[in-house]
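Just below sit the structures, each encoded as structure tokens.
Below are two complexes that have subunit A in common, paired first with subunit B and then with subunit C.
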Partner chain A sequence: MTAIKAENCSKWYGQILGISNVTWTTPGTTPGRLTGGVVGLLGPNGAGKSTLMKLMAGLLRPSRGALTVFGASPYDDLEVRRRIGYTPEHEKAWDELTALELVTVMARLAGTPRTRARDAAAAALDAMGMTDAMHRRVRGFSKGMRQRTKLATAIAHGPDLLLLDEPLTGVDPVARAEIIERIRALGAAGKTIIVSSHVLYEIEALTSEIVVIHRGQVLAEGNVFEIRRLIDKHPHRIRVECDRPRAIVRALAEADHLSKISIDATSVTLETRDPDRCYDQLAAAVLDGGLVVRSLGSPDNNLGAVFDYLTGTPR
Partner chain B sequence: MTAMSAMITIAWVALVRLVRGRALWIALVMALLPIGYALVVRDGGRPDLPADLFAVEQLLLVVVPPMLLAAAIGDELEDRTTAYLWSRPVPRWSVLAGKLVALAPIAIVLVLASWIVAGLVGSGSAPPLGTVAALAAGGLVIAIVAMGLATLVPKHGIALTVTYFLFLDLPIGALPASLRYLSVTHHVRTLAGTKTAALAQLDPQGPAVLALALIACGWSAIALWRIRRIEA
Partner chain C sequence: MSGTIHDLGYQRYTGARRPTSARWRVIVRHQLTTAWRTWWRFKSAFGLAVIISFIAGGLLYLASDKLIRSLGSGSIAVTFADGVIPMAMTWYHRAAFLATLTITASVVAGDLQSGAFTLYFARSVRPRDYVLGKLGGLAILTAILTFAGPLLLAGLRLGLCESTEELVATLPVLGKVAILGAIATIVYTVVPLGFSALVTDRRYALAVWAAYYLVLGSMALLAGLVANHGLAALDLPSALERITLALFDVQFVRGKHADIPLATAIASLSIHVVVALGILGWRVRSVRTGGVGGSG
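Now for the complex of A and B:
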């Protein structure tokens, strides 16, 4: 079953646009792809990520179009919301409660029986590395501890779908690495996880499966490398560091797929519309010329480059 | 989870937050004020002392329930902790009902305790049962009004409710016009029997109970309508 399906979904806040005409289906329904895993929802602040998250969590009702989770409207259908674990972007929780009380209450409200809720909450906090602090009140927690407690509230009732809105905001590097590891582990365990962020390297560290959203619209979705390949109007860049970069330029100067060649003392950067052919010719040039290659890579195969291309931000 | 167990869970959270927060202690201190007033005026031997004390108690009545109810609902909406609630399979009415069930009795007990002690201190005897029942009914209705106003204006729920009662409800209730039937405090005075005999004839107690019930129903409907429409 499709985890999330948005069809021409739009949301306005009065005159302000939240998202516009979004049509999107989570991975897992496409033949050949695994169910579960982490999907990164990427976009700058104000792009519409949180709006989309709230629509998926059932906090908002679409102004137009439809959005379903496991085949039903999360806004109207209480049963569907049992299968969702959501952490909002903001930090505020019921700070007067201890972490264990908070997570227990959230598990109870999500439908976990009273007899099991406390154990489930303790296990969720333990999974988030919060065992030592679970009897302390949330009021005194650092941002990292709050984020981990929020994640525990989302997973305690064993949902099939996790919606994590900016779960790494304000977290110190050590806690960030821990949280990333725990989210990845949940994804590997078969949960479908949607993580939003405006920080590119956070998403890159979590997943290569992304949805790029900008000004309320989905610009692209899929594997970051596949997306890059689809952007054919932008040449693909290949950078080679070697002992004689001019030899590469000489060998490839006549290639019709190259749109630009940049060279300096130690490297050459090629911009090509046909990366496969370019790599073949490059390999031949290196072997024929007996060049010593120190590094070979594509600066475009990272999320930052993809995001900049899609949003039209000049690099 | 049934709606009932959701309501109980939300009520438990509301109680814990109240006990561990500051609002309860502020309300407790405020509940001492009518007792302090009774201490000051107790030796005056005035025949209108009970009515005078009741008027002071009414001021407490219009402050304490909003302090607890409007704050609980307003803070929830303002702090956006409703995001946690709305994303759970919880009917929205259970959030309001849970808070009302948890906090309204505490507000009412505070007001009644204050009234009984003030009566004992001021006039040397426990106040009539009718006044106690009137304050209890009034406390419940004012808590519901506070709940409704807090869903409409979460940021200023307490201030708006207290202002409404102090500067609109109380003055309207004192008017010799049919407009006074919209006043909660007017009906509370009617039920308490603290009016003059002439006025008591004009406003019998039976319709006052009905009027309070109608006002409570009206504000409950507003609160439920509003909470269904609020988006986190």
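Now for the complex of A and C:
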């Protein structure tokens, strides 16, 4: 059975478009058996990721088309919602509770009997590495601890599908690594997990299966490496700020992979079809010329550039 | 669906599930837990109710004292004792109002602001479970102030009776207290909860409720005194006091509430409750159907 299936699904908020005509099925599922795995839902802020997540969680009803989870509408079917574990991006509810109390009440709202909810909550918090902090109030938690507590609320009632909306936002690097590790472990253990993010490398650390969403539409889906390869084929820009940008231009002027060079008093921007060669030649030019480099970066090395490329928006 | 069991790194719950129809009770329990959590939320109002009970209980005890009775005629002391409970009830209502300011009048707006609706509706909770759960939980809290306290006093009043005749004659006080307690519980639960659903910011919800109860209520009471006695019934405490006077057949020193027609007082409270329920239902339904949160 397919975990999630969207068919021509659209959602409007009045005149504002949330998602438009999305047709998508969760990958990694085989008929009659849930194989689990992590799928990254990738898109810039306002792309429609949260809307799609809320549609999958049964918090919204599609304005047009259909979206089913385990073969039923999550908006209408309470039994399907019980099989979903959802963590919203933002929420500050019930900070006065301890982590154990919060996860317990969430498990109870999902139908776990009172006698078992506390044990289930403690086990979920334990799995998220929160054993030592489970009796502390959520109010005093760091962002990382909050996110891990939210993950525990999502898994305590034993759902088959996890929907994690931006679970790594605002989390420090150490906590980020821990959370990524735990999400991957849950996916490897058989849960179907949809993780949304606007940061490409976060998703890359979690999974190779991605869905790129932009302006409410599914722009690309499939293996992240294939999409990256596709992106790498388009001209890649490198911007160098240094004391003598003209020296770089002189050194690289003859390079056949360069399609465009822009220069001003303090920087040079190179547009190349072969980023690896370009970086090598750039390093050589800097070392040979004894240049003082103040900054080196690529305006294309972010998700925005990916979307611009995929949508054909000029930069 | 395959029956494959995966190693999730923790004990996955596979036992029985509670039926969806029982979800509201989880919300009731949660409401009680969170209300009791900090001293300023419910404990302050509860503390005030305890103080009222001690003072009123002390007055009842004094009124039953043989020495006091011997100072005047016994019937005066008995009449005074009968007046203590309705007088105390107006103070219990003040405690209930305090609880509306710290809890009830910001519940729905608070849930909207904090994103709690997302947590409810992402689970197998229906709008009616939410409404029932909130009403149930808040009604229990309010009843502790407006029902339990007066009932305790009524029990004390009965316990201090000196003869079987007096006990039998005083017995109806239990019923009167129960009726008034129930009415006050409904009013101080439903009406502020309706106000909490009126706006989406908890501070505004509190402000609107406080302004309505204190400012608009006082204006209505004033208008009632100078123009139309019926207008005074818009003031919730005055309407409640009018019913108290009718039930206990006592006259307070101020006496102004006696002029409100009883039917108008009952109608005013009923309309307040119905309108508040309507607002509450509308808000929760619109949150569910319109979606929780915005786009993104």
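The rule is simple: the second predicted complex is superposed on the first by the 219 of 315 C-alpha atoms of A that agree within 3 Å, B and C clash if a C-alpha of one lies under 4 Å from a C-alpha of the other, contacts with A are read in each partner's own complex, and residues count from 1 in each chain.
Throughout what follows, a contact is a pair of C-beta atoms (placed from the backbone, for glycine too) under 8 Å apart; a residue touches a chain by one contact, two chains touch by 3 or more.
Just so you know, these numbers come straight off a predicted model, no measurement behind them.
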Fit-or-clash call for subunit B and subunit C when the two complexes are aligned on subunit A: clash
First (subunit B), second (subunit C), both or neither touched by A:C9: neither
First, second, both or neither for A:G190, with subunit B first and subunit C second: second
First (subunit B), second (subunit C), both or neither touched by A:G58: both
Touched subunit A residues, subunit B compared with subunit C: C
Contacts of A:I238 with subunit B and subunit C, given as first, second, both or neither: neither
Which of subunit B and subunit C A:I155 touches, first, second, both or neither: second
Touched partner set for A:P88, first subunit B, second subunit C, both or neither: both
Contacts of A:G48 with subunit B and subunit C, given as first, second, both or neither: second
Subunit B versus subunit C as contact partner of A:E101, first or second or both or neither: both
Subunit B and subunit C footprints on subunit A, overlapping residues: 54, 57-61, 78-79, 81-82, 84, 86, 88, 90, 92-94, 96-97, 101, 105-106, 108-111, 153
Footprint of subunit A on subunit B - complex, ascending: 1, 5-6, 9-10, 12-13, 16-17, 20-21, 79-81, 83-91, 231-232
Subunit C - residues contacting subunit A, complex: 1-2, 4, 6-20, 23, 26-27, 30, 33-34, 37-38, 111, 114-116, 118-126, 289, 291-296
Interface residues, subunit A side, partner subunit B - complex: 54, 57-61, 78-79, 81-82, 84, 86, 88, 90, 92-94, 96-97, 101, 105-106, 108-111, 114, 137, 153
Residues on subunit A engaged by subunit C in the complex (per definition of touch): 1, 13, 16-18, 32-34, 36, 45-51, 54, 57-61, 70, 78-79, 81-82, 84, 86, 88-94, 96-97, 101, 105-113, 116, 119-120, 123-124, 126-127, 153, 155-158, 185-186, 189-191
